[in-house]
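One structure is given here, and the rest of the page talks about it.
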Amino acid sequence: MESEKLHVGMSLLMIGLVALTWTWGLKWAPTELHMGEVYRIIYVHVPAAFTAFFSAFILLIASIVTLIKKESSAGLWGRSVAEVGLIFTVLTLATGSIWGRPTWGVWWEWDARLTTTLILALLYCGYLILYSSLAAGPQRNKIAATLGIIIAADVPIIYKSVTWWRTLHQPPTLIRPGGESTIDPEMRIALVSCMVVMIIVGAFLTYQRYRNLALAEELEKLSYEQTP
Amino acid sequence: MLKVSDLHFGYRFRPILQGVSCEVSAGEILHIVGTNGSGKTTLMSILAGLTKETAGSITLTCDNQEIADRRQKTEYLPAEANGLYGKMDAMDNLRFWQKLRGLSPSNEDIIAALAQWDLDHPLIRSNFPTEKYSTGMKRRLALARVQLSGTPLWLLDEPLYGLDAKGIVQFQSILSQHLDAGGAVAVVSHDTVPLETFRPKVLEIEKRTAS
Amino acid sequence: MSPYGEGLNPIPYISAAFGIAALMLGGYGAWIVVQRKRLKAIKIASQYRKETRR
Amino acid sequence: MKLLFSQTMTIVRHGFKIEWANPERWLSPILFAITMLILFSFSVGTIEGPDTAKLLVAETYLTAFFSLQISFARFLEPDQQDGVFSLLRTYPLSGSAWYLGKYITVMIMGLLILIPTIFLTSFLHAKSGVSLMSIPVITVAVTALSGMAALGVLLSTMTMGSGSKQILYPLLYFPLTAPVLISAVEASKSILVDNVNLQSLMSSWLGLLLIFGVMSFTLGILLFGELVKAE
């Protein structure tokens, strides 16, 4: 099966790209004046956060397509991108709190971005649980698509309210994790390349997960054909 | 009135209806027969507009105009459900469904319809929740809803379920009134004897054979 | 300068962050690969049975 | 258009008939609110000092938040019995009239829970001198309710067929309406503490509440019709 070799090749490429951009961020990017080395966590935290929120956008598109084109497989795409989105939100929270420890001295800080990511993680969990709790079929695709649109439409409002709420209670600290305020050009290139690679990895994982789901559905189809 | 051509329906890759075609004209009864699980109820729910067919076409024409939204001219009686709000009484239940159709029946019309089904007794027609009704009474109330709806096409799934002998006679009388007035009926019923007098047109649905 | 920044050895934090990232993404990828293999095996088995039965 | 309006009014009128015939459906959220307020007082103790308003506002909105969720979760139960919901889908009933009817019913039942909660907090904590029973605060609360009700009807319809309804509320409904809680609490606080007037709040919290309300309602009207269409 030639496509097998293709996918193995692609995954190796992914691993190579990630390794390259991470070493770039870890080794070759300059140290940060204020925070020293520990800021390098930004090279995994910010790309993960960006991918997490970007997958919410893709979920919106997949959901709209599901509602418009009934027979399309967009429902499975929505389900896969939500799962990958959950992985990245959890990753963002983990790296965010690891970065927070040396920066704020605590594992959790009610930073606007982190809080929104936390809520987004809950929403992804809700989406996946609702998806699996419904009986398979066109109705489930429609309900999941509706929820996908609601979640994606709500994220900006959540972020807005949390940011206002956050600035009300604590004035923004000088360097916030994920803050690009004091970033110089060299760091910016490294960060952007890390982000681009992380988006590609996210897309690749979503595509592979989608293929598994499509394969599982195909097997279900076959199993029905066998039943008398 | 109702024309169904080459209807296909599959649920989760399982083809249930394969190329069903039939026609019901005004004043006619279509009796849908078939073994259990052959898709009779699925066909009814497709005709009622609850489920979408995967292929094929259904056209409903009343006084030779095609109806865009079939639901305006169709009343559906599901097999295991009567569509009654348990906490509401008979009058309110009937009034609710007629109002949704844009009709506003007076109390007399509702009571007259209930009378035909022996449900018009003052103690049981109002402030008496329908959840306290017996199965037969609920079925008769649902049939009263179908009768009051004034729609030309009736889709009745096991209408005789729970009806006693008297109920069956009442059912036959409203059925003949409906047919004489130029209405049409598609019915699924295991109990075929009461329908014989109307010499129904029969549509046989074979069970899907394993591919 | 963040009060906790100086004198704190950043290596464990950086390695923890990147380690978790590698673990989660790698683990998820591996899980997908395992799942793909399992599904493929079932598919091939069912096709084989179909041929022999006909 | 007239049919649309009469269909909506039919759903609203019969919605009330059901609620009236089944008082437990709206009494239990109110009683839940009362108990929560009492438990709040027991756990927080007497409230004085600068933070009084903050605590009272938080207490009110949290209590209202949870009791509203109870009534939203059970909102479509009468429709689910005896195949009423499926029969409604076979009727020539437009999705928006249906949604609008349900929305109005939920809004009024929501007010029946929200207003007593606000009154009770002010009543129970009269000694603290802070009262939420003022027009601006109630306007903020009702605006918050308008968004939550719009989302509540949609989510109730979506989770109707799913088995795990209980878990879906903390995972879906609360995170989605978190901005409403934040905005309502902050807006009410700025009214009570800094006696900011409503107009200036429009460009901040009240504005966000309105955007949330309008967005949820529009999503509701558009997506509800899609959900009930023949699948």
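Letters A, B, C and D mark the chains as written, and numbering starts fresh at 1 in each.
The rule is simple: a contact is a pair of C-beta atoms (placed from the backbone, for glycine too) under 8 Å apart; a residue touches a chain by one contact, two chains touch by 3 or more.
Not measured: the values here are computed from a predicted model.
The interface with the greater number of C-beta contacts, when A-B is set against A-C, is A-C.
Here the CA centre of chain A is 50 Å from the CA centre of chain B. Averaged C-alpha coordinates put the centre of chain C at 42 Å from the centre of chain D. Averaging C-alpha coordinates per chain places the centre of chain B 54 Å away from that of chain C.
If each chain is reduced to the centroid of its CA atoms, chain A and chain C end up 15 Å from each other. For chain B, residues that reach two or more other chains under the stated contact definition are 52.
Shown for chain A are the residues that touch two or more other chains, namely 137-138, 226. Touching two or more other chains at once are residues 231 of chain D. By the document's touch criterion, interfaces exist between A-B, A-C, A-D, B-D. Per the touch definition, chain B reaches chain D in the complex via residues 48-52, 69, 71-72, 74, 76, 78, 80-88, 92, 96-97, 99-102, 129, 138. Considering their complex, residues 151, 154, 158-159, 161-164, 167-168, 170-172, 174-176, 178-179, 182-183, 186, 204-205, 208, 211-212, 215, 219, 223, 226-227, 231 of chain D touch chain A.
Considering their complex, residues 1-6, 8, 10-11, 13-14, 16-18, 20-21, 24-25, 28-29, 32-33, 35-36, 39-40, 42-43, 46 of chain C touch chain A. Every residue of chain A that touches chain C in the complex is listed here, in rising order: 11, 18, 22, 26, 34-38, 40-41, 44-45, 48, 84, 87, 90-91, 94-95, 98-99, 101-105, 175, 201, 205, 208-209, 211-212, 215-216, 218-219, 222-223, 226. By the touch criterion stated above, chain D contacts chain B in their complex at residues 3, 6-7, 10-11, 14, 17-18, 21-22, 78, 81-84, 86-93, 230-231.
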